[in-house]
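Next up: the structures, one after another.
In the two complexes that follow, chain A is the common piece, with chain B as its partner first and chain C second.
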Partner chain A sequence: MQFVIKKNELLTGLQQIVRVIPSRTTKPILYGVKIDAEFNRIRMTAYDLEIGLEILIENKDQEQVEVLQVEEPGSIVINAKFLLEIIRKLPQQLVRFNLKNHIATIQSGAAIYTLNGLDSREFPLLPQVDDDEKLTMASTLLLQSIQKTVYAVATIESRPTLTGVHFKLKNDILTLTGTDSHRLSNLKISVDTLKEYSFEEAIMPGKTLQELLRILPASEEMVEITLADHQMLIRYDNIHFYSRLIEGTYPDISRIIPETFRTSIKIGTKNLIESIERAALLARENDNHVIRLHLRPNQTEITSTSQELGKISEVIEPQTFQGEELMLACNARFMLESLKTIDTEDVSIQFTGPGSAFIITPVESDTNHLQLILPVRLNHA
Partner chain B sequence: MDQQRIAMRVQLLQERIEQLQSELQELLLVVHDLATENQRLSLENAHLHERARKYIDKQPTVEGEAMHYLRQLYEEGFHICNVNYGSLRKGDCLFCLQGLERV
Partner chain C sequence: MTLIYGLVDMQSFYASCEVASRREFTVTRRMDRDDSDPALVVAGDPARRSGIILAATPPAKARGITTAMRLGEALRLAPELVVVAPRMRLYIETSARIQQTIREHFPLQEQFSVDESFFAFPHPSTLFCDPVAAARGLQQAIWDQFRIRCRIGLAPNKWMAKVANNVAKTVAGGIVWWPDGDLLPLHELHVSKMWGLRKRAHVLELEFGAKTIGDVSRISRGALRDRFGTWGDVIHRWSHGEDPSPIHPDAYDAPHKSYSHRVTLPRDFYARDEVATVILELLDEVCRRLRHAGQRGKRVGLGVTYARFEGGFYRARALTSAHDDARAIYPTLLALLDQHWSGDGIRAVGVSVDDLKTAADDQLSLFEDIPKRVQLNRTIDLIHERYGKTSLYRAASLTAAGQLLSRSKKIGGHWSGTP
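== the complex of A and B ==
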């Protein structure tokens, strides 16, 4: 194997590759990045058996300056974190790779590294994903959709299905659901699919999605999502992102969402967030970040009490108020995480009672986003 | 002659009136009896309705025995939802409450 590559191209690729490299594993080869030199491109692969990332570097346009020149194809596995550090510190813009008997020589200017590599045949193969049927959407839309749902997934592994976001595609409507059983976020977006592609259930691990948020750029360019048996592949430009799907049945959420409400308010999103943040400063003391909401006509009072520190009370005026007066307690962190996904000026909150879940939805928005939070039951209530 | 005939007819008429009168009395008695009977029955019917309603009201608590135990389990701090049945609960759970029909 022998090739010359521009340092910056290699560096950007490796920086993304390194994110997928496990910090601890029983298989040392997984610390490595597999580098395949093909006739006109370099393929870098990292795979921790859960998440796989493949980045292709090739000369994109004939007119542009060449970033890569492959002189002899071949393949090797090198420790990814070391390689990243080495490439970062290289003195010149061009890097020459040379491989003989699992020993890689990296040369840039006068610096020459000789690294012991591993046999690339021992590197696990990425899952095979048949991409006949796929879902295509703008990268930024996918990112936003993930952001609006992934915050609600469970972090405790005891219920594996709840640690992922549930994707469902039917009649060109993609539904994403995340819940940890105390709160829930449900988003519906319309997408264009070829051949009326649909699937009932795909649970994408929350960790995978968090990773995806870092790797995908927020651009209007398209990403392709393909599902196969317990695997998914997301393609964007020269990035191929593979992940295992969570097996199991996602709980039925259709009956959870309340339909009748006792009290509803419309309120400025920013005001409410800031006010809850202030109240949360004292709520931090308690276990559940409990703050109290007292909803009265034309007045929404947010209070929080800490035995040691003291108390805070703030009154803000809702845009509209309907129904009965109501008082309830809820987790400030849940409230804030939900409200921060709302990108409209006003937010609508509909309550059923102090012991029942309430619904948060954006006001005057095209997005069909519904969030559900269970209040905290007060002992004396 | 004529007078005699008229007297006869008056007497006959009187007899018929008396007969009708007694018939009417009889019928009035029957009507009265029926009315009393009707009143008694409708009262009884109302009572039965009430008892039936009470019985129906009681019914769910008899059926809800299992629900009662589930609720008790939930209050004691365990999950009763199929997602995580029997494990320790921290805070309320949407799925459990759905089961308890409280959401």
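== the complex of A and C ==
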């Protein structure tokens, strides 16, 4: 194997790659990045058996400047974090790789490194994903959709399926759902599909999505999503992101979303967030971060009481109010995390009673986003 | 007026309870003659020679028998030994009654363990004009009422009283009084007699060359602090006969900081579902106590000891919120087991819950009827309170793995003695 590559191209790729490198593993080869030199491109792969990331570096036709020149194809696995540090410190803009018997020679200017590599045949293979069927959407839309649902997933594995976001595709509508059983976020978006692609269930681990959020660009660039064999492949530009899916059956959420309401309000999103943040200061000591909402026709009162610290009460005026007066308690942190995903000026909240779920939706928005929070039942009041 | 602090401890408590409750020994026993007791031991399981000695009377100890010795070895030393099974309920009930007697003599009193108690009284005072006589009054009352001997250390503070009590075990009459201002009896003791230091006493002897507590008192506070950190201050204080701890009459009623239960299994368990059954039984017990105290735990721990009591692990994990319900906590314990179990046979299992909060409000759930669950737990607790823990239990406890039924006959891992 022999190739010459521009240092910056290699560096950008490696910086993405090391995010997927596990910090602790029982298989030392997984600390490595697999580098494949093909006839006109370099393929870098990291795979911790949970997340796989593949980055292609090639000369783009329209560009005049060559970033890469492969002189002889080949393949090797090198410790990724170590390689990144070396490349970062190289003196010149061009790097020459040379491989013989699992020993890589890296040369840049007068600096020459000789590194022991591992046999790339021992590196686990990425899953085979057939890309006949796929859905396409803008990167920034996928990014926002994940952000608006992944916050609600469970962090404890008592129900493994709840630690991921549930994806469903039907009639060109992609539905994302996240819940930890105390709150839920459900988002529907229109996407383009090839061959009327659809699937019922794909649960992607919350941790993997957090990783994906760091890699996805916030641009209009198109992203392709394909499912196969308990894996999801997300592809854009020259990057392929593979994720293992969580096995198991996701709970049927269609029956738990209430349809009739006792009390409904529309209220300024920013005002409500700030007011709850103030009340939350006193709710911090409480395990459930309890605040109380008292909904009256022209007043929404937010209160919080701490036995040690004292009490806070604040009244804000809703834009509209319908239905009966109602009082309930809920977790301030859940409220804030939900409200912060709302990007419209006003938010609509529909209540069914102090012991059942209430629904938060944006007002006058193109996005079909529904969030649900269950109240806290007070035992002493 | 100052206070005199006392520490009273029962002699060979479990063994003495057994001797005192057996008619055949009554006539010959005398308070002032340890050797008037029979050579008797309480053994974990008298039927098995591998069982261990839990307690031994002074005549048994005089034959070289020590606690934690195997029964077989004890019988080799003294074939004529009287061997009895433990009756934990008897000991605990006797203990409670003895504590009551102590409180009647000295109202300012704090239970320290099952057979020890601190107390304090003013000095000089007309009510307790002779401290040694007051202590002897208590000693006599406990003998008259329970036929159990006790030793009493009297000193200007709790720590010195504990040390004085240890000295009292070696003197005739079993009472030692160290009046305020006289550190000589403390200072001439060997450094290993400094109670509560564990290995640090050894360090004092080895690294500082301190033979006696008096030697320790001559080491500068700074030097002790450099070697032991904050413990340096404590050692310095104790060696000068100072201990500011007050008596807490309600020490045993203070809210718990953690709850835990542990069981040694009758054989090594290799199957996950068998271990899981025992974990659930222990967790049910922990949760029952949490609910009874109106507390909830935010962290849960699992301890496992492997076959032959060699190796094992203890690992804890935080929960997202505080719970007092077994079903909410159980999956986390299983996750701990799956993550840390090497696959070796398991001989003992322990479950603990800590990071306790006062039980407050219930976060409702989408997939579970929380108020119904709370009501169910409340009902089960009521049934257990009224009809006993074996009146209602999980079906899994009837499997070969279940320990609940055999545990219900034990206290602290030993037979309670009640049918």
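The definition used in the following text is that the second predicted complex is superposed on the first by the 378 of 381 C-alpha atoms of A that agree within 3 Å, B and C clash if a C-alpha of one lies under 4 Å from a C-alpha of the other, contacts with A are read in each partner's own complex, and residues count from 1 in each chain.
The rule we apply is simple: a contact is a pair of C-beta atoms (placed from the backbone, for glycine too) under 8 Å apart; a residue touches a chain by one contact, two chains touch by 3 or more.
These numbers were taken from a predicted model, which means no experiment stands behind them.
After superposition onto chain A, partners chain B and chain C are found to clash with each other. For chain A, the partner with contacts to more residues, out of chain B and chain C, is C. Using the contact criterion defined above for the overlaid structures, shared-chain residue A:T179 touches chain B and also reaches chain C. Look at A:I256: by the touch rule set out above, it reaches both chain B and chain C. After overlaying the two complexes on the shared chain, residue contacts for A:E364 are found with neither chain B nor chain C. In the superposition on chain A, A:E220 makes contact with neither chain B nor chain C. In the superposed model, A:V290 makes contact with chain C only, not with chain B.
When the shared chain is aligned, no partner comes close enough to touch A:D132: not chain B, not chain C.
Of the two partner chains placed around the shared chain by superposition, chain B and chain C are both touched by A:L374.
Stretch 73-81 is the one among 19-27, 55-63 or 73-81 where chain B clashes with chain C after the superposition on chain A.
The residues of chain A shared by its contacts with chain B and with chain C are 158-159, 179, 181-182, 184, 251, 256, 288, 331, 355-357, 372, 374-377.
Interface of chain A with chain B (complex): residues 158-159, 161-162, 179, 181-184, 251, 255-256, 258, 288, 331, 352, 355-357, 372, 374-377. Residue ranges of chain B in contact with chain A, taken from their complex: 81-84, 87, 91-98, 102-103. Interface of chain A with chain C (complex): residues 154-159, 179-182, 184, 251, 253, 256, 286-288, 290, 329, 331, 355-357, 372, 374-380. Chain C meets chain A in the complex at residues 296, 298, 319-322, 328, 331-332, 335, 357, 359-368, 370-371.
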